[in-house]
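Let me begin by presenting the structure, written as structure tokens, before commenting on it.
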Amino acid sequence: MHLPHLGHSHRKVVPGTAAGTFVIDPETPKPTIQLMAYNPDTYEELEIESLDQIQDYLGRFPVTWVNVNGLSDSESFTTFGNMFNLHPLAMEDVVNVPQRPKVEEFQDQLFIVSQMPTLGHEHLKEQLSLFLGKNYVLTFQERPGDCLDPIRARVRKGGPRLRNAGPDYLTHAILDRILDTYFPYLDEYGEQLSALEERLFRNPTKADLHRLHQLKRSLEPLRYILLSYRDVFISLSRDETPFVTETIHFYLRDCYDHTLQLIDLLANYRETCSSLMDLYLSSVSNKMNEVMKVLTITATIFIPLTFIAGIYGMNFDPGASRFNMPELGWYWGYPFALTLMVIVALVMIFFFRSRGWLGGSVGPDDDDADKEE
Amino acid sequence: MHLPHLGHSHRKVVPGTAAGTFVIDPETPKPTIQLMAYNPDTYEELEIESLDQIQDYLGRFPVTWVNVNGLSDSESFTTFGNMFNLHPLAMEDVVNVPQRPKVEEFQDQLFIVSQMPTLGHEHLKEQLSLFLGKNYVLTFQERPGDCLDPIRARVRKGGPRLRNAGPDYLTHAILDRILDTYFPYLDEYGEQLSALEERLFRNPTKADLHRLHQLKRSLEPLRYILLSYRDVFISLSRDETPFVTETIHFYLRDCYDHTLQLIDLLANYRETCSSLMDLYLSSVSNKMNEVMKVLTITATIFIPLTFIAGIYGMNFDPGASRFNMPELGWYWGYPFALTLMVIVALVMIFFFRSRGWLGGSVGPDDDDADKEE
Amino acid sequence: MHLPHLGHSHRKVVPGTAAGTFVIDPETPKPTIQLMAYNPDTYEELEIESLDQIQDYLGRFPVTWVNVNGLSDSESFTTFGNMFNLHPLAMEDVVNVPQRPKVEEFQDQLFIVSQMPTLGHEHLKEQLSLFLGKNYVLTFQERPGDCLDPIRARVRKGGPRLRNAGPDYLTHAILDRILDTYFPYLDEYGEQLSALEERLFRNPTKADLHRLHQLKRSLEPLRYILLSYRDVFISLSRDETPFVTETIHFYLRDCYDHTLQLIDLLANYRETCSSLMDLYLSSVSNKMNEVMKVLTITATIFIPLTFIAGIYGMNFDPGASRFNMPELGWYWGYPFALTLMVIVALVMIFFFRSRGWLGGSVGPDDDDADKEE
Amino acid sequence: MHLPHLGHSHRKVVPGTAAGTFVIDPETPKPTIQLMAYNPDTYEELEIESLDQIQDYLGRFPVTWVNVNGLSDSESFTTFGNMFNLHPLAMEDVVNVPQRPKVEEFQDQLFIVSQMPTLGHEHLKEQLSLFLGKNYVLTFQERPGDCLDPIRARVRKGGPRLRNAGPDYLTHAILDRILDTYFPYLDEYGEQLSALEERLFRNPTKADLHRLHQLKRSLEPLRYILLSYRDVFISLSRDETPFVTETIHFYLRDCYDHTLQLIDLLANYRETCSSLMDLYLSSVSNKMNEVMKVLTITATIFIPLTFIAGIYGMNFDPGASRFNMPELGWYWGYPFALTLMVIVALVMIFFFRSRGWLGGSVGPDDDDADKEE
Amino acid sequence: MHLPHLGHSHRKVVPGTAAGTFVIDPETPKPTIQLMAYNPDTYEELEIESLDQIQDYLGRFPVTWVNVNGLSDSESFTTFGNMFNLHPLAMEDVVNVPQRPKVEEFQDQLFIVSQMPTLGHEHLKEQLSLFLGKNYVLTFQERPGDCLDPIRARVRKGGPRLRNAGPDYLTHAILDRILDTYFPYLDEYGEQLSALEERLFRNPTKADLHRLHQLKRSLEPLRYILLSYRDVFISLSRDETPFVTETIHFYLRDCYDHTLQLIDLLANYRETCSSLMDLYLSSVSNKMNEVMKVLTITATIFIPLTFIAGIYGMNFDPGASRFNMPELGWYWGYPFALTLMVIVALVMIFFFRSRGWLGGSVGPDDDDADKEE
């Protein structure tokens, strides 16, 4: 079974520690830090070793993007906190994954939590935590490897819109890119639902039922994420905040529209899921009905015949009286009995045909189905 | 199966490109451009070849309607963008179909996305993107051929209300016309549901179940479209915008009312769908019940009879003792056995009749049904 | 089947005509126009022939009520429009029935659409369109005959509250009267649901299932109407409008309360409907269970007995060996076989009784049911 | 059946009378009127005969509580109306019971409608209409006898908080007392649901199904009442009104909290109801399954055995050929046949055991159930 | 059965007493009172005997936390009320447990009700009532023993954030700690649901159905508690109140986020519950289907065979005519009969195989299931 355990809420905080405390698992690999700084004319990109290098870029470029892969190194994490004056609560949310997508305004940054889906892994998501400051964007990911390479390519290629804009546009680009990865991710669900639908129409099996349950179940958490995204983009595109310039609002509203599209899609899938469950149940009922019909027809035809055979298998002594089974001695006795049986069988068959239960009427149904659909 | 694949979210943007990027499939046929310009006294109408022609009409007429069929020609598309100062995000939405119906106010235009149903094609919809400027209406369609000919006819005939009004009234006329095509489109669903209902009342087949599932499933996306329309008309009829004059608000509120009517209709259809599913399931149960009854009655009557026949078919040797099946030698032995069987059968039949399971009580039910309904 | 076709959305507008266009079916009978004008001291009432007569009363009385039965005469309809300066969109809504109940404020009137139920006709409703002006009330009905005679009687009798008040109080009186007719109308549904419930408790038939489906289905449109009424009365009792004086707000809030009562009633009926559907389904399941039990008990008791009889019906030759069915020659052979059968039967019966499947335990259930309820 | 008819909306107004008209059934017993007036130091209490007596107390005491039992006497009712300047619409609501709980502010009073449950009578409720004036509380009940005696006792005992406060505190005390009676009333439902749950877990009968339906059905109206109460207390504790002093707002918010608690309780019961319906249905399915299993096992074991017995009951003439049933003449013929049967039976039993259908696997299930729960 | 009775609303107030009256059960053990007072530099901690001791600490420390375990001692309770000027309504809520989580602002304190879950006891919750004053936090618990020891440890260890902050931060710490205990509490549900899911996929038993019902039922009250918490934190983090400083708002918003996470989790569990119910029902249907298939296949194969055997078991006298069962005397009679039976059986088996009912097609289904999942 590939279903994730329902029993983990993923709160790994040591209970009772002060809010804003972050507990880092010392076994995770050491984080790598990528820095990308650009202005309209040029850009620099490097993997940094010491956090002190960052300060230098902040002063020289209008936009510096620091991306941290992995959450383990407690010490450098504290350094980050001090360097950018990050609020302890935000830092706690960076480490204690997963959090719901949300946006929070602090004194020196806007703090945005988002979840990236991992294509091909139904239940795997990765949290990207983003701090948007006056002249920097700071992102923390759980693992190396992400869906943001196209953005890096645009920086390198010198796409004018991105290179001319501030860190708020970069933030939009990152969030938009993450949203975009949900489309193929949801399409995957759609493909599977379509395949399932096809199978349920034809010949539903128990495996299909389980698959349906799995799909339905894994859509649920996705829904809470997307609804949270909606709130994030509403608040980003409406609220007055010094970190987002007015012109970016159009772009954020566009993200909002995409989120609505995703939510519609998901709602559609959910409806389809419960509709398919109905379909499955009625298919099973139909199948049972068919099984019952075969049993009923066979049994109901042969039971009376067997009874007649039973009658003439009785051992009453014809010699004891002329009433005792004289048929056994008749000249046409056996043919008479066989004829009687045939007549009874025909009457039964006629009765079933009149009720439309015989195979003949099942076939046309299916034919109709094929023709009409 | 006519169901559209669930697996396409129709986002064809190359992932990671800047928002506002439009990717045009080079294989679609070259777009044709119709221009219609009018004032209260006269009108001009032509199919234009070069976009430069447009500028000329804009200056001379209070209302110029430029309609572009097909989305392929990337070059002229950029020219449009520059000529009318269209926002890249809006242009992206024009090309990356389908989008949800929505309205967005930009600096120089109001941008409205709408979806036109294609009568007779349950799942086919076409996006019409509309830019409403100070003195022009610019529409983009996916394919040539639309439902707007009646409006063109009104322009030609010189209907005073349309010819005297500005581009906002033309916009209303276009949106109203599109909404109007939803009524026969939904009626088609209604017809099919009615037919299905009729069939389900009489003799539900598996094909009906599939049809029901299909209808239910294709109502869902329609609902999201109509709910989006509602938001569009709320915002158009309430918001202050320089592109829509006060007097048009009445007309837009009228569109809003029609949208509500459509939504009610759709909600009604959805309720009917799930009510029909219940009906189907209980019909199947009822049918199974009937099948079971026939089996039960036949089996229960004949099994004891066969048992009695079995008894007298045993080969105990009457000669060995006077207890060994003396009935076989009785003078009235065989008639006695037959009478015993008839009595058992009658008792059974009486029992079933008392439970109301015999055909006699099923008939009246159906009669009642016919009379009462 | 009495269900109305689902396939008619009743929009008869010629598609693509300007909004505000009214299309009148020339075959409907010529409308009749009743005029009633009153002041605190006196009243006049007449059926008018020429619309010019109206103008005269408008000047002389504080309240003039013009009631038009039938919507056919296109010419006089236009005259009305001009005389009272009615907005084309409102006039369109008068003719293109049915519209949702709604209220719209125009420059010279308040325009209110309402739906009157027709007692005894589940699916028949009639639209009453009302224009409330400074000194007149103008009502349009689809057919002659309405539920407003009690109001006319109050005008004639000179009820002081009505005769002293303005056209807004008359409007309230008309709307209140229409709302009042919904109570017996809904009671009729209630009666039918109660009867159905009674029948479903006793002995549900297929006809009851169909009836239930019908009731459920015809409640749906009623709900949309009542929800629209609620919006109408919220807006009438809260909005500032020159056509409704402050003192009338109390009365309109009273109508609002009645609408809420109707909505509660309807919600209750809907809940009852789905609860009855559950009841029906479980009744059918129960019945099937009972049928199965009878079959199971009979078959399970007699099949082993028949098997035993079959054993002793075998023809092994006792002469061939002393192992070959020596029982057949025993002195107590037949009694032994019979006793064996009785014992097997008793064991079976004991087993069924221990499972509570025998008639004895079904009876008490029903008795309990009668006692407890 | 104890279910109240669904067909009564209890609107007894003569249709078409002016709103605010009250129609009093002349057969109801003459109302009795209790008066209670108090100040911090003293109180007076009497049953009054003539309404003129009231005026006297109003002048002498800061709080006078007039309680009218029964709604019949039309004349004194009008006198009340004039004496306290009651609005005709409010007076209509007093008489035309039942109304939804609501609060309405008039010029000289606050008018509050509430519903008192009658303990032990599932469907019986009594309307208490309350007018709160500057120095009086006026209550109208349908019948003598209420749940307010504890409040009267507190007045008599001279509880300082009540005696020192104004009529608004008395109003709060009355409403709070009425709300309090809903707790045992709902507990009664809870007891019944618990008992039902217990029975459904053990051995569900048809009577339990009916009881469940009844409970579910009678919870519905209660819900509308409580939701109305919520609105009443929201509006009472928030709205600015001269009739309620600021300090009483705390107490009304407390009532609001209690209403929320009641609504939660009710929502919980409703959920439990539908969960129990599911339980019932699956119990019935389970039972059917068990019945089927017994039938299947018995039939499937004995049918092949009976077939074998049937084989050797055939009368082929062993004398005619050496192929004709030589077994009949074998020395070990009969033991061979019996052994064959035993083997077939064992194979069948093994098959069923491997599928887990035999009694042995049913027992453990139930045991597990008992242990685990 | 471990389900709590539904019939207790836990309102133990003597009906009709003044609101704000507290009734204390004299049998509960005497409450113990713990006091903890701290400033940035030092802290004191003691179990106090006399309430007079408290006053002393209030003057000397910026934060004094008084924790009362047990609610019994009516006298000291009144002393508390007077000492801290607690509102009688709040004191009533402290004693009459359980109340919904809520927050209420009084003149001298903020009053917050919260519910602590008891790990390992599905239905056991304990109310913690908290008064937040200018320089103290006053908590009342039902029983000794709580989840707050980590906070006490932080006070003792001198955690700078807690020791430097005011009583509002302590309040946050307490509420945050309580919220944190819901995570493992909910995880426990998750574990159980996962286990149940596993079992339902494999071999659902009646015990699983009951367990599912129990889980579903006990999630319901939890939901109302969490929704109330959400309202509490919304109001705490937004409302202006002198008892909570601005900087604490961030922390309270963090609690709000955690509540949302809990609510999502719970909603997910509820969805899973109803999805599992569907799964159970369809599993039962599937099982029944399988049982039916075995019965049908066996019966349908053997019934015709037995009939054939019955035919040749008839006793028609071959000597009476040449038509009377000549087969019995044929040389190949018996082999012919057996061959006939084999042919009939093969035809039947072929028929079932063509329908996919034979074991062979059931096996692959399950295999597929295992492979695919």
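Labels for the chains are A, B, C, D and E, by order of writing; each one numbers its residues from 1.
Here, contacts are C-beta pairs under 8 Å (C-beta built on N, C-alpha and C of every residue); 3 or more make two chains touch, one makes a residue touch a chain.
Values in this document were obtained by computation on a predicted structure and should not be read as measured data.
Counting every residue number used by either copy at the chain C-chain D contact, under half are found in both chains. Superposition angle, chain B onto chain D, using Cα atoms only: 145 degrees, a multiple of 5 between 0 and 180. If you average the Cα atoms of chain A and of chain B, the two centres end up 24 Å apart.
Spacing of chain A relative to chain C, judged by their CA centroids, is 39 angstrom. Each of residues 281, 285, 288, 292, 295, 299, 303, 306, 310, 313-315, 325 in chain D touches at least two other chains.
Chain contacts in this assembly form a single closed ring in which each chain touches exactly two others. Remark: ring traversal beginning at chain A, heading first to chain E, gives the chain order A, E, D, C, B.
Taken in their complex, chain A has these residues touching chain B: 147-151, 153-154, 159, 161-162, 172-173, 176-177, 180-181, 183-184, 186-194, 197-198, 201, 250-251, 253-255, 257, 260-262, 264-265, 267-269, 271-272, 275, 278-279, 281-283, 285-286, 288-289, 292-293, 295-296, 299-300, 303-304, 306-307, 310-311, 313-317, 320-321, 323-325, 355-357, 365-366, 368-369, 372-373.
Those residues of chain A that touch chain E in the complex are listed here as 1-3, 5-9, 11, 13, 15-20, 87, 89, 92-93, 99-100, 102, 104, 106, 203, 205-207, 209-211, 213-214, 216-217, 220-221, 224, 277, 280-281, 284-285, 287-288, 290-292, 294-295, 298-299, 302-303, 305-306, 309-310, 312-315, 318, 325, 327-335, 337.
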